[in-house]
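Some structures to go through are shown next.
Paired with chain B in one complex and with chain C in the other, chain A is shared by the two complexes that follow.
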Partner chain A sequence: MSNESENDLNSDVLRLYSSSGHEFVLSRKMSYVSGTIKSMLNADNSNFMEDKLSEIKFREISTPVLEKVIQYFYFKNKYTNSTSDLPEFQINEKIVVDLLLSAHFLDT
Partner chain B sequence: MDFGLNEIPTLFDICLNYIQPRLDSIKNLSNLNDDFLVRLLEKASPQQIILTEAKIGREISAEELWKKHCFNTSFVPPDYEVEEDQTWRSLYQQLTEQYEEKRKKTGDNLKKLYSSAENQRKSKQIKVLTEVVTPPTYRSTHSVPKTSSSSHSSSSTSSPRTSSPRTSSPRVSAYAAPPRQTKSTYSKPQANQPKLMAKILKQVGKRK
Partner chain C sequence: MTSLLRKTVDFDETWDSIAKGMYSLLTGTKSVSAIGLVEDVYNLCVAQPHPHCEPLYENIKKFFESHVDQLLQEILETKSDTISEYLKQWKKFSTGCQYCNSTVFRYLNQNWIHKKINDKKFGQPPDIHEIQTLGLITWKERLYSKIKSRVLNCVEILIQKDRDGELVQYSHITQFMESLIKLDSVDRDKFLYKREYETAYLDNTAQFYSRESTSFISSSGISAYMKKAETRIEEEYHRAQKYLNQSSHDKLRRIMDQVLIERHKELLQSECINYLKDEKLDEIHHMYKLLSRIEGGLTPVLTTVQNYIQHVGFEAIQSIPDKNNPEPKIYVETLLRIYLQFSSIIKRSFNNDVSFITILDLACHKIFNQNHITKNTTKSPELLAKYCDILLKKGNKQQLEEAELEEKLSQVIVLFKYVDDKDVFQKFYSKMLSRRLINATSVSDDIEKFMITGLKQACGYEYTSKFNRMFTDITLSTETNEQFKQFLTSKNASIGKIDFSILVLTSGSWSLHSQTSSFIVPSELTLCISAFQEFYHSQHQGRKLNWLHHLCKADVKSNFTKRSYDFQVTNFQLGILLLFNNQDTITSDEITKFTNLNEHELSRTVQSLIEAKLILNKKNPDSASQEYQVNTAYINKRLKVKVSSSLQKETPSQTEDTYKGIDEDRKLYLQATIVRIMKARKTMNHVALIQEVIEHSRLRFQPNIPMIKKCIEQLIEKEYIQRAEGESDKYLYL
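Then we have the complex of A and B:
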């Protein structure tokens, strides 16, 4: 019983790595906000290694940018179908250009 | 149907909306390709496009944006198409130069009109002088007797100035006090003058 739940947990977990090797752990469901990640992990008969290993390495995305992207995943999950006031999603001016490029790449 | 649920913008749109009003301060714009830059500059003015190009050190291929700005000038008919050797960017520059030239000409013309109108207004203006200028040669050239009969005879003299001093400056004399010269020759009737006249008349009557 405990092994099954552990397997379920592991199957739900996704590890994202930044260009400098920082690891971010999040649930798969959260990452589906990104169209690119969703198509990699959720495709039928997926041959992506990332799907089998449940980890994706982004060589072009820096740690602060990837962190912000993951924050956005949670932000979107939290406020979609919500009637509460939508707060402003805070962005740092220093990373905004790279964040724009990453958002385009991740289809987010 | 919308039941008041939040519509979450994409992260891409959030970034675009963040950068658009801060084009002057955002660095690393040169990392973006022209497609991204065109999207960022959609709401930008022509001056901002030029400034951004100067900032990133290259020309952005943004003909659609220049086309939009050309039609915004209202000098270009809606169905206008650029010629083969012409770009919308160059057309916009031409239009701007022409507009500046016209603006300068119109400004100069207006200045001329205003200055001529001002001159005309000044020429029609009434000047009120507090001090009356006396003809300088009146006394020195002619020795005019002080009696009223002599002043009448002096009007037949050759000098037009002495004969009618008012003609020399009609605007001034209209509001000016009588000239000092005429004032000095004219003497008020003495209080005892009627008596004197009566006395003379008596004497004449006696002689008769």
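Then we have the complex of A and C:
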């Protein structure tokens, strides 16, 4: 019983961990922008631990990159299907290459 | 720092962990960490110095194969029944495959496999597949193909049990069917499902039901069979929802129809006539439902029903007494009864099917126009008109409520539609209508108008325009009477102590004969008549008044007996009676001199007065002519006596006249039609002309060809059309 209630509470909350162990908490729905994450979490009856615990540990993605990626999730969700002009999405030059690879990995 | 850059990887080590993960996924044993697998796959694919995609793929393939082989062993060795074991393994495997495909090997799928597939030339079947497809193909080739006969057999047995009515675990069958469909999705043609499962299913169905139906018919008879067939069809339909894919539903339905209904349709059709006779309406309904499922199932039924209706109709008419002069009421009500009886059968048992309504119309048409009584004449419309007259006249023995009356009249209009010679009806109806209006004997104006509206709907405005004009005339006449009275007071003239009112009628609309003899109006009335003529001519110049004395009535008070009576008499009778004011005894010669009635009218009128016991026939042996005397001993219970009614009945000669009039009208109508057609076409040949004429006049009556020919001849004489020179059958319009 308690497990279920925990699951309910956690149902929209997702924790992402970077390679250095930083924990990022965000909404599940937001993270579905990434195809990879979505496939792990969205299957019904899935056998994946990630789904059950609502957490994913990325061994290969660093903290600043992960942070940017999560920002992008929110950015995309906010401005998809909007009629107003898009504000610029700021990206720090230093992390550009890594961000590119991570985006490819995450299918974002 | 991210380490998503390409790096060297140890293939075997990474593959090991991947294999372990795959195994857990496919067997669903324990939860798996997805991210590790995803990262491993990614690393392998982007490895330095060259990616390991291809060996990865090969390994996956081999893994599937060995896994599937193992599963096969498990299925074959299982103690529980094959089908449930098969389904269990299938479920695990297929879900696992899906996870592999969508999550773990997602990267591989999207980047390497799709490229490979697209690189292949178009048209060649791919040999690199998405992981899920790969899994399914492996399953199909290595497991299903080896085990299929056993599994199919199990399923068949289950379906058979289900048909026999035992409880079955039908989720098995549904899941199995779905598994086949999924396996088929890897192929372009739905091989497995269609060829093996569906065909076997349909064949079994056909066999089972043909056996069952034949045995059932021989054991329980047709009516029970029909119910059973319906139930079975329902059952199979539900079963198909569970066990068959949407695409097969139509085929199944057709097979069921064919086996259960088509093969036995003759039996069903032949039973139809018996059901009709016994009035087993429910059985008929069942039979109708079943036969309407197959093509052409109902055609013989339609003919049977039509013949039956005609048979019943003719029989009923045969049973009407007095064939040469039938009572209109009985005749019409018999026809009505038949029509209503069958129309309710059609509604109940045939779902008001349009084709059945059509044949009812055809049958009624025949019954109405070609029955025993009508034969060569057109008695039907005449009798129908007489029936209307009975309904619409006041003084009916059974006073009907207005609603009832309206209903009866609507039914009459229904029958009216079946009459071929509508103009006959029109003639008779207008005659009777005029009589009713003149004598003010109709039940109510509303009812009359109701009837006329009905006729207008059935036949068009032109048909009833005359009737409407008759009504207008009557209304106008009341106004005219008022005006006349005012005229008299204004002129300070008087017409004696006579209460005088007239009806002014337009001669075109009313079908009244003008009188055949001239009648000398009794002196008491001349004043009134001349006054009115003066008045009317002052109002409307250029109109001629024709006095129809044979239709007029008078109320006269008698003083020759102790009590004074009020007599209602016709003008002719009035003329004769007033003569007795001056003399006690009058000879017929004198009557003729004073009234100027012709022989025939005179004897009729005198006869009616004698019958009413108003005058006596005194026998005088000396003179040749008859002598008449007032009956001073006249006694009657009532004070008001109607003597005029005996003269108002229609004699057979009048009917004859009506028919002659109709003939004349028809000839004129035909001539007008011919001229109209010729004017439009200019030239036409004989056969086409006749066809056109028949077409045009069909609404009013059925013309016969000799009549048309005669009319053409007459028109040629009148020089409206002429024969074309040289060609014997062409006509030209002049």
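Basically, the second predicted complex is superposed on the first by the 99 of 108 C-alpha atoms of A that agree within 3 Å, B and C clash if a C-alpha of one lies under 4 Å from a C-alpha of the other, contacts with A are read in each partner's own complex, and residues count from 1 in each chain.
The criterion applied here is as follows: contacts are C-beta pairs under 8 Å (C-beta built on N, C-alpha and C of every residue); 3 or more make two chains touch, one makes a residue touch a chain.
What you see is a predicted model, and the numbers here were worked out from it, not measured in a lab.
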item: Touched partner set for A:L101, first chain B, second chain C, both or neither; value: both
item: Touching partner for A:K57 - first (chain B), second (chain C), both, neither; value: second
item: Touching partner for A:T83 - first (chain B), second (chain C), both, neither; value: first
item: Chain B versus chain C as contact partner of A:F48, first or second or both or neither; value: second
item: Which of chain B and chain C A:E93 touches, first, second, both or neither; value: first
item: Touching partner for A:Y74 - first (chain B), second (chain C), both, neither; value: neither
item: Which superposed partner A:T36 touches (first chain B, second chain C, both, neither); value: second
item: Contact residues of chain A, present in both the chain B and the chain C interface; value: 98, 101
item: Chain C-facing residues of chain A, complex; value: 19, 35-36, 39-40, 43, 45-50, 52, 56-62, 65, 98, 101-102, 105, 107
item: Complex contacts: residues of chain A adjacent to chain B; value: 69, 72, 75-76, 79-84, 86, 89, 91, 93-94, 96-101, 103-104, 106, 108
item: Touching residues (chain side chain B, partner chain A) in the complex; value: 3-6, 8, 10-12, 14-16, 18-19, 22, 25-29, 31-32, 36
item: Residue numbers on chain C that touch chain A, as the complex places them; value: 1-5, 24-25, 28, 30-36, 38-39, 42, 95, 98-99, 102-103, 106-107, 110
